[in-house]
Amino acid sequence: MKKLLLILVLIFAVVLTACGPKNTPAPAVDEPAPVEEPVVEEPATEVPQPTEAPVAEELEVMEPVELRFSYYADGNEADVMQGLVDKFMAANPNITVVLDVVPYQTIDEQLPIQVETGEGPDLARITNFGAFRGKLLDLRPYLEDADYFEANFPAPVLAAMRSEGDTTALSGFPDALTITGPYVNKTLFDQAGIEIPGEGTTWQEWTDITKQVAEATGVQYAISVDRTGHRFAGPAMSMGATLIDENGNFTVDTPGFRAYAELINSWHEDGITPTEVWLVGDSLNSCIDFFKSGDLVMCMSGSWQINGLVNDVGDAFDWVVVPNPTGDGGSTGVAGGSAVVAFADSEHPAEVAKLMEFLIQPENFSEFSANTLSLPAQKEVASNGVAFKTDQQAVLDALSVFTNEVPKLQDQAVALNVHPYAFAYYRNSANRIGQYLTGELTLDETMQRLQQDIDDAIAEANQ
Amino acid sequence: MSAIFNFLTKTRGKNNLHITDMLTYLYLTLGIVIMFGPVLWLILSSFKSSAEVVKFPPRLLPYRQQTIQVEGFDDPLPLFNVQLDNGSTQTMAQVRRIGLEAQMIDPAKPEEIIKVNINNREPIENVYFGLDNFIEGIESFNFARYLWNSVIVTVVATIITLLVNSMAAFALSKYQFRGRQTIFLVMISTLMIPLSVVLVPVFLVITTVGWNNNLLGVIIPGAATPTGMFLLRQYMLTIPDELIDAARIDGASEWRIYAQIILPLSRPALAVLTIFSVMWRWNDFLWPLIVLSRNELFTLQVGLNSFQGELNVQWHLILAMTVLTLLPISIVFAFLQKNITTGIATTGFK
Amino acid sequence: MALATTIQRYLSKISEGIGQLFVNFFDLIFGSLQKLIGLKAMPYVFVLPNLLIFGIFILFPMLLNFRYAFTGGTSFFPDQREWVGLANFKQLLTCGNFLDPNSCREDLFWRALFNTGGYVVFQVGLMVVVSLITALVLNRKIRARGFFRSVYFYPVLLSPIVVALIWKWILQENGLFNGILTSFGLDKIPFLVNAQWAQFWVIIISVWAFMGFYTLILLAGLQSIPANLYEAASIDGADEWKSFWNVTLPLLMPQMVVVLVLALIRAVQIFDIVFAFTGGGPGTATLYLVQYIYSKGFASPSKQFGLAAAASLIMAGILIVLTVIQQIIRKEEE
């Protein structure tokens, strides 16, 4: 019987492999990698990668190396990055970098598991800085100028990628800085004959003014905010919410948080906000589409929308970015952005570091910022200024308003974005507040449920 | 009530066009509108520019504003119908707009600029079926490669599905052997559990086998579908055993009995499974998304989702690429629709 | 035309050749295998490929789910997960009042459970009725029956994501329907943000997407009913209504049961269409069980695998109980 089984398994394997080869070109490409050592002089050492890399460089008989770079894009970033990667490959003929452009869902849901199973890429563009702690590569030993790297990026972001207790590792860099803030349809204000209010206007005042504008111009909606805990947080903090205390603990139930939830609820009750933004479920819903179609006076979103507005609004109306409204807590947006990170499982750490170092060079970094119309997170680039690739004054104005918002960020507005458990807050808060707005939950229940969701997720992660 | 049933239950009978016949054709016409209308709307929308996609009220056909090349200007200028102060309307080109005021010129007299309130102008547009979205979409991802991968996955998976399930169905329907009942019951009992609730363990298995980022990881797990096995077994039960006995007496091997007697006789059921397998594989999204993260392995369904960013969705590209993925399966269906629908009908499903 | 037939002839020749090759090649292997192990063992050979794939990729993962359900933590590897006993089940099943999701520790699970129950009842009901009516219409003496049959079948070919995308484009606030309404001077209707409307449309589009398949099954059943039975009934003085109840329905029962069971299975598994269509909203009005499990376990970055696995086991338990009840009822009817 045993023999029979063996035969059967063999037959099955033959059938499987018969259809195998033509579908699996990938392993063939990877194959050369493991047999790289023997060429070099030191034969005995087993895992000498860190010391070996420089030697290999000196010898100039370099094995071809392939790096996989998982990349998601909101707009044209992948095209711009591909240009930079091509430039890098031209300068380093032995290194091939494959830019895998993937859906954001892959980065958000699948990448963590890929990395945990050791099947991940060499590099990736991520948004959830805390999700890969302990799995990232410390680039420091491979960098030519680690001090430059460290000095030119915000310390909290670099720290967010380190595992607990580690204070020196350099595992990646933020490739773009984003900040939340409201867009306003200037043409509608002009038509209504109402002046756009300046800095220091409260959310309640903005609500009233945009409502007047909408009424005067016959536009359907006055005011809205993207459906995510990230965009919700800024206004809530401005209204006095202390979401994250000095010890990094989340506290949801504060008067400021409640006040902003109640304000959004009043928008829904008054019918001055597009209900589809918050009431349709578990996905990203931005008010920007309503804004682009000219049906909405004010949309609280963020700096990443500029590119899309340029393309889609065109000449239809004038739009401006205004400073974040204020409240009991002052005025603050929320920082955000993505980062390029390297993974510890990479078989070619030296080459990864080389690519990283290439990307943070001022000329390359500013090329990325200029073409994607994003705020540079690299300090040298930021202080030199970026020549954004646009001929529209509105874009430059918008970028400068956003830039002016950066120094006004509250500590907690920076801490939120780099918080290791921010993910537990982002999605759950949007869903729970959505339930509150539909009347499924009272505000008290919402606060209690949301706190529970966050506590559960943190407890699970610490188990 | 009785009248409605009169209408519904009457089998083909009299020759004159009765009121019920008219109702029948009304129902069928409505059916065409309801079944095809939404798809047509998708196709029309896919030709619209990213700006027009978000416009309200939406228009049935894609439009583009007319432009005119005027001397002294590098770019073509957009054309508007302008209502002038004296009440007349004139076709004019817009140089630029500042706030509420548009600077317009008469294309015939490009030197004279007239200032017009933006409410007094109407863009002149014409219907435009441009391929811009399709070209941009195809250029920004490796369409040919993804198409190839989709075809490979669909074809190979369907062949394996047919082979593996028909063999099992043959054994389970035509032999008496120990464990037959158990195997059958265990397979059937998993029918109700969707793959989406066991994603994590299945992915763990795939990783252990080493099929992560490998088309085999997409193809194999769904190949042993209990639904397909069940369908084929039920059909094979209706094939008389005498045929098999006769073949055995003639000295045919079991494989020949399976391949030369049972398979040809099960053709309708196999056709149905083929259709469903092709459909499942071509449309499959969630599982390939989880297994594949390298661009050269992407199928079309995963590829077109790369237009979904964290903060932004490029709708015009998603719409256009969706239409492209619909095309092949729709064309195949158009040619084979008769075989497909009769195939399903004659399988019987008893 | 002549060319087409020549091509067809060649194609069929080629496929015949491939078929021959396939038969003879595998006969070499299987034939000698049969000589080696005997006729008695052959059925095992035939089931084996299927059994292997099924066992490794379907059954084993389902069993692995037990391991996840009784452990906690965010680790993906079962052996690195900590044993927590019944904690996950306790969390799911702690309720002040089982009929009020708000009183439950894991309120979303209970909302999803009730929503799924309601959806299954209405969707399956509507599906059977619409498919039956369409099959009856198609069974009348009509021109171009084949064409119309295909018309109703076409949406079955579309992927759930595409179905959702199409209908979202039609029903959203700035979509086609509201455009039509406003062009008649009517107010927009919040199809996607009103709980009842959203639940209604989820049922409608899922019926739209799959009714063609069930219609075909029922149509085949109708066409197999011998015409002389109707003649006999009308001689007995039965009107259309009566012969529908006394002839058509009873003879269509086998197909009706198939449709009912298949529609039930699909309805319980509802996920991707709705996920892409309403995302479970407004609030949680269209949150169904599979989406709850998916978003707890895979989608949510919080990776509560244990909770998701426990929920999927409870779901399986409910399905088994329902199947057993259905079997008992069927036995009693017989």
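Letters A, B and C mark the chains in the order given here, with residues in each chain numbered from 1 onward.
Heads up, the rule we're going with is that a residue touches a chain if its C-beta (ideal position, glycine included) is under 8 Å from a C-beta of that chain, and two chains touch if they have at least 3 such contacts.
If you're wondering where the values come from, they're calculated on a predicted model, not measured in any experiment.
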Most distant chain from chain A, judged by the mean position of its C-alpha atoms | C
Based on Cα centres, what is the most central chain?
-> B
More C-beta pairs touching across which pair, B-C or A-B?
-> B-C
Compute the distance, rounded to whole Å, between the mean C-alpha positions of chain A and chain C.
-> 36
At what distance in angstrom does the C-alpha mean of chain C lie from that of chain B?
-> 17
Where the centres are mean C-alpha positions, what is the separation of chain A from chain B, in Å?
-> 31
Residues of chain A engaged with two or more neighbouring chains = 108, 113, 117, 289, 293, 295
Which chain C residues reach two or more other chains?
-> 44, 49, 52, 76-77, 173-174, 298
Could you say which residues in chain B touch two or more other chains, in rising order?
-> 54-56, 204, 220, 290
In the complex, go through chain A and note every residue touching chain C.
-> 4, 7-9, 11-12, 15, 108-109, 112-113, 116-117, 128, 131, 274-276, 279-283, 289-290, 293, 295, 423-424, 427, 431, 434-435, 437-441, 445, 449, 456-457, 460-461, 463
In the complex, chain C touches chain B at residues 22-23, 26-27, 30-31, 34, 39-40, 42-44, 46-47, 49-54, 56-62, 64-65, 68, 76-78, 133-134, 136-137, 139-142, 146, 148-162, 165-167, 169-170, 173-176, 178-179, 182-183, 208, 212-213, 216-217, 219-220, 223-224, 227, 230, 239-241, 243-244, 248, 254-255, 258, 265, 268-269, 271-272, 290, 293-294, 297-298, 305, 308-309, 312, 315-316, 319-320, 323
Seen from chain C, its contact residues with chain A in the complex are 29, 33, 36-37, 41, 44-45, 48-49, 52, 72-77, 82, 84, 102, 107, 172-174, 190, 192-193, 195, 275, 278-287, 291, 295, 298-304, 306-307
Residues of chain B defined as touching chain C within the complex | 1-2, 5-6, 8-13, 20-21, 24-25, 27-28, 31-32, 34-36, 38-39, 41-42, 45, 54-59, 163-165, 167-168, 170-172, 175, 177, 180, 183, 186-187, 189-194, 196-202, 204-206, 209, 220-224, 226, 229, 253-256, 258-260, 279, 282-286, 290, 301, 318-319, 322, 325-326, 329-330, 333, 337-338, 340-342, 344-350
Spell out the residues on chain B that touch chain A in their complex, using ranges where they run on.
-> 50-51, 54-56, 78, 94, 97, 99-100, 118-119, 140-141, 152, 156, 159-160, 203-204, 207, 212-216, 219-220, 289-290, 293-297, 302, 305-306, 308-314
